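Labels for the chains are A, B, C and D, by order of writing; each one numbers its residues from 1.
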């Protein structure tokens, strides 16, 4: 538990800091609201319509596709960790593979995995999900 | 430490369940389900500290499955929205009895 | 009683004395009707699937029982049967069907006779079991598909195929004009097949197959004219009530298996004395569950309600299934399990009491019926009650004896009634009348028009009433006599039934039997008087159209008439100096002997022959009194005033019926009748019927609750899921 | 004949034991990734083939012709997989302890699932176009789902169980919303998806807790650890078991976790409903049973009452509510709930007798359910119409064979002897298993019989309607039954009847096909223990 004390301190400090800045500005400034000042800040550009505007389904489609393909790459991490064991035809000896027992199993497995992902990609493409118009 | 983590994840799980029970918007209900899954992920991570890193591989599987579910779920919600112009679960009761 | 089983084991290696004789062909017995079924069913399907130009509507029925009401429901309206309507559509394959149907059963009968000849020569003391294949190998339970041939099953086979063949012949003429002709014979042949499986099966499961099969056929045949909603409902009722009975049978089988580890008859016979405590609760419970099955199949109180409704089916069906064969399966089951029942005196007494109450109760209801088939239906229930009285009192031979004679005379009565209905229907059909062809108030004076039917029906009536020398006299007399003997000394006398000493119960049963026999004579005489005697009430227009049935229908009647007249000589009592005594008893002894001996243990030596004679005289006197009372009270009156056309006004009919009924009531059994009418007929019958309906309603109502909970909302479902989850967690973690 | 067979088998066994026939009985070393893949052969064949077919499906624009082509290809793939399964099974392959099972139970379940899958594809190929569904991917989705089921049948690891369930379910979520023009189909998909995902949460939490309590997700290891460290009184393990039970109860639609089933079954396209009622339920039950047999036999005291209660509730509620239904699909949905109750009885028994009764029941149930839904499809009108029970009135007079087949299916589901074919024996064996369990479940058996009596009310109602009611004048003419549907209907009916008359061989098969843990697991290979460190 002790290891987390700095983290806890940091959290406390950040919250205190934020409360202090906002509180001070709230206390010290004068408020003269005008319509111009009340508009949302959009990087200096005049706001276009309502913020809750309905947007095209295409955005969410692309977002979903991104999530799917993005999350798949996460499998490469455990694969990388186990790569050495996967590339050996017999159990490892002292963390190393006996000579002559190297195999392409680990590599080919990832290739198959990527191949499946690619099949999905081809499907999505052919289906027209990536076309914006 | 383990007990706290598990208690926290149990709490998150219960919050997810309560959310599913009380919310009427399909999207929010689904978000609550995701919360439940992530609570379980937290449990796995916590146990992983005891039993080794195999638990983290499980978490990766769960995350992937959750993402696939999310994609399918959103598609289904969109399909129902196209028919009903609403995602309010109480008004979706054509099938009953 | 272990001796036969031990012998069977010893003889297992040596060939059975029956092997090498016609008995080797026992497997072919059910195959004949099965082949008939296959041919007829194929023809029926072909005819329905591709209706020929001759039958414009596959549903139209024009057989006699399809009364005016039925035709209206079928959608023909008031114009049904008009001259411009197409002539009755004969089935496209009628000639083939007419040949195949009866022939299938006839061949089986011929084979049964051959087997009988072989068996009579050898008279084996052990059953001849023929095993075909391992049927159900489930864990410890090994059931073989096997047939068992012994004196008991062969007797039943002879009745089924013999009477069955006659009824098939009768049907050729009776159903000839029905568009469902082939379907009818397919069902009928299938029924005979299952019935043979039932009696030939060498174990309870095989018997159950037949048991279910005959139920199915019965249900199909009751609802044969399915266009008529009432008929379909009757079929449904029969089916549901029978399921209750089957439930009992199944439970009994499970218990037997759990206790004895076998379900073969020979195995049970061998294991029961050692595996079950005589008089103990287990064997009693097994027997009571078996009894539940019997009550359903054989229409005994409380499960009798389906049989009167079953009269909706064609009349030959009523004769074959609902009088001669299927409904007696319960009696067969009790006799087959005789040893078990003998080991459970309380259960045996229950059987006897149930039979006696049913016999008396149904007989009183029979007094009041106007529908000729309903009278016979209640009569059948009553006679089945007699059989159960017999087998309950351990008079197994008497029970089977009555089963056989009853098959003769009741089949005759039903076919005779069918012949009458045939004539009535034809007459009303010719005159475009919509009167009820089965109502006795529309009959009367048919003696002159149908002399052959009249004489034969009288023979059957005398037989069922128990007039000496006719078939029913000997069998009924033997039942009552044996019950009296058992009351004098047997293990039943020493047992108790609901705290009442067995002897008292048996004497009471004897008394009830006498009353029921008296009522039998009354209601049957009443039926004959109203149908064949007095003035004719059919109506001026229809009267000339009344004719005797064709020879194809009277022929089988003649044979049955002969059997009803002399069938009693199968088993004459020892004290009567007529013919060879107790033939059937000696024939059946290898099968029922052990159980009879067990139950009769403690009887005081040889009974005084004079007592037997006295009992016979009492029974004869009761029958004669019944006939005389009925003739005296009803002979001169008529249910409807002569000459008044019954179709002119429903009011007058009701009024006259009322007068006659009152005279009738005052003269004979007014209090009894009132009781029967108000309490039993309307009360109990209605109550049981209502209970069945109520049971169904309650379940459907529960179903409604379930349906209402199914709101269609995801929220509700999620709540149910979580509540269920909490319950499961609570139960599991506890 | 049988004698000869058993003699052959015995001599083969003896020889294999002597090491004379190593090639005939391969033993997979599941610790080695390559051999693990080999042991998953049929599953990989199906999954890989499905990926390829997905590309084929998208290669051409939607059309009826293309849809049929992909359908036939899918059927071919299913057939090929069946051949592979039979080949694996007949060689009597064995394996070391590991994440998957190589046993006869798996092969038997595989066959049942694949038959259900084949029937589904055959049915949807012909019925989808009528509803305007021309997507060729629908067949591929069925294949993906089936791949998940095969994984479920094989899994001896909770994570594989989870993956199998999700692969199966996600595909079925989509399939139940296949009819994009139907509001009811979309609603069915939404309900199934939301509640399914919800229940997945419980299942997964259960896995997590069991993992937490035992330190493993491998079923055999869990079983060992529970027994060795007496974990059956560990609240975390027990809670995990309860949560797993909840998750599976949802998947097999046990009361009170059943409420999604009727709505989803009614709304989904009928072939998919058949798929859910038959294959999905079979696969979920197989995994359920295996987990309970392998991992939790020693926790029986804790779960017994819960499953007992679920079984009773499921049998009663399913049958009773079915009495009220007028829509045939909905009635069959409640009927399938009731059957889940009967199958739960075998889980309560949880021994080899229960497992073989379970397998026999699965076959009979799958055939009868598939057949009944096929009849519904054959008679259904586009737009999910003509599916009320009343619409079947007088069917006998116009389509006698169809009516007869439907009667067989109803009788089989009812458990009626002879006319119901295998259905009777299926129920008989379940009752037999219940009565002969180490702790006889007589009460359950009695309730099962009672529930069957109640079920007469609706099964026979259909039969009565078909045979005894007049055909309404305005009833639509029955379309000619297309080939695939025809085959599904009559082959199912024929098989049911045939093995109903001669159940002998089938019983033997079911008897031999019990999970590996029931027949004595092969010794753990030394390599495996070295690798698992």
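We take it that a residue touches a chain if its C-beta (ideal position, glycine included) is under 8 Å from a C-beta of that chain, and two chains touch if they have at least 3 such contacts.
What you see is a predicted model, and the numbers here were worked out from it, not measured in a lab.
Student: What are the mutual neighbours of chain A and chain C in this structure?
Tutor: B, D
Student: Which chain pair is joined by more contacting C-beta pairs, C-D or B-C?
Tutor: Pair with more contacting C-beta pairs, B-C versus C-D: C-D.
Student: State, to the nearest whole Å, the distance from the C-alpha centre of chain B to the C-alpha centre of chain C.
Tutor: Those two chain centres are 65 Å apart.
Student: Taking each chain's centre as the mean of its CA atoms, how far is chain C from chain D in angstrom?
Tutor: Whole-Å distance between the two chain centres: 44.
Student: What is the distance in Å between the mean C-alpha positions of chain A and chain D?
Tutor: Centres of chain A and chain D (C-alpha means) sit 38 Å apart.
Student: Report, in whole Å, the distance between the mean C-alpha point of chain A and the mean C-alpha point of chain B.
Tutor: Here the centre of chain B sits 18 Å away from the centre of chain A.
Student: Spell out, as numbers or ranges, the residues of chain D touching 2 or more other chains.
Tutor: 190-191, 194, 198, 262-263, 324-325
Student: If a residue has to touch 2 or more other chains to count, which residues of chain B qualify?
Tutor: Touching at least two other chains: 17, 20, 26, 29, 68, 75, 89, 92-97.
Student: Per the touch rule above, enumerate the chain pairs that touch, sorted by label.
Tutor: Going through each pair of chains, those in contact are A-B, A-D, B-C, B-D, C-D.
Student: Taking the complex as given, what residues does chain C use to touch chain D?
Tutor: Contact set of chain C toward chain D: 45, 48-49, 58-59, 74-75, 133-141, 208-209, 212-213, 216, 220, 223, 226-227, 229, 231-232, 235-236, 239-240, 243-244, 247, 250-251, 254, 258, 696, 699-700, 702-704, 706-707, 709-710, 712, 714, 716-718, 720-721, 723-725, 727-729, 731-734.
Student: Under the stated contact criterion, what part of chain D meets chain C in this complex?
Tutor: Residues in contact with chain C: 190-191, 194-195, 198-199, 202, 235, 238-239, 241-243, 245-246, 249-250, 255-257, 259-260, 262-263, 302-303, 305-306, 309-310, 317, 320-325, 353, 396-397, 400-401, 416-419, 425, 428-429, 431-432, 435-436, 445-446, 449, 453-454, 456-457, 460, 464, 467-470, 502-504, 507-508.
Student: Under the touch definition given earlier, write down the residues of chain D that touch chain B in their complex.
Tutor: Going by the criterion above, the answer is residues 159, 162-163, 166, 170, 173-174, 177, 180, 183-184, 186-191, 193-194, 197-198, 200-201, 204-205, 207-209, 211-212, 215-217, 262-264, 266-267, 324-325, 330.
Student: Which residues of chain B touch chain A in their complex?
Tutor: Of all residues in chain B, those touching chain A are 1, 56-57, 60, 63-64, 67-68, 70-71, 74-75, 78.
Student: Given the complex with chain D, which residues does chain A contribute to the contact?
Tutor: It is residues 86, 89-91, 103, 105, 109, 116, 119, 122-123, 126-127 of chain A that touch chain D.
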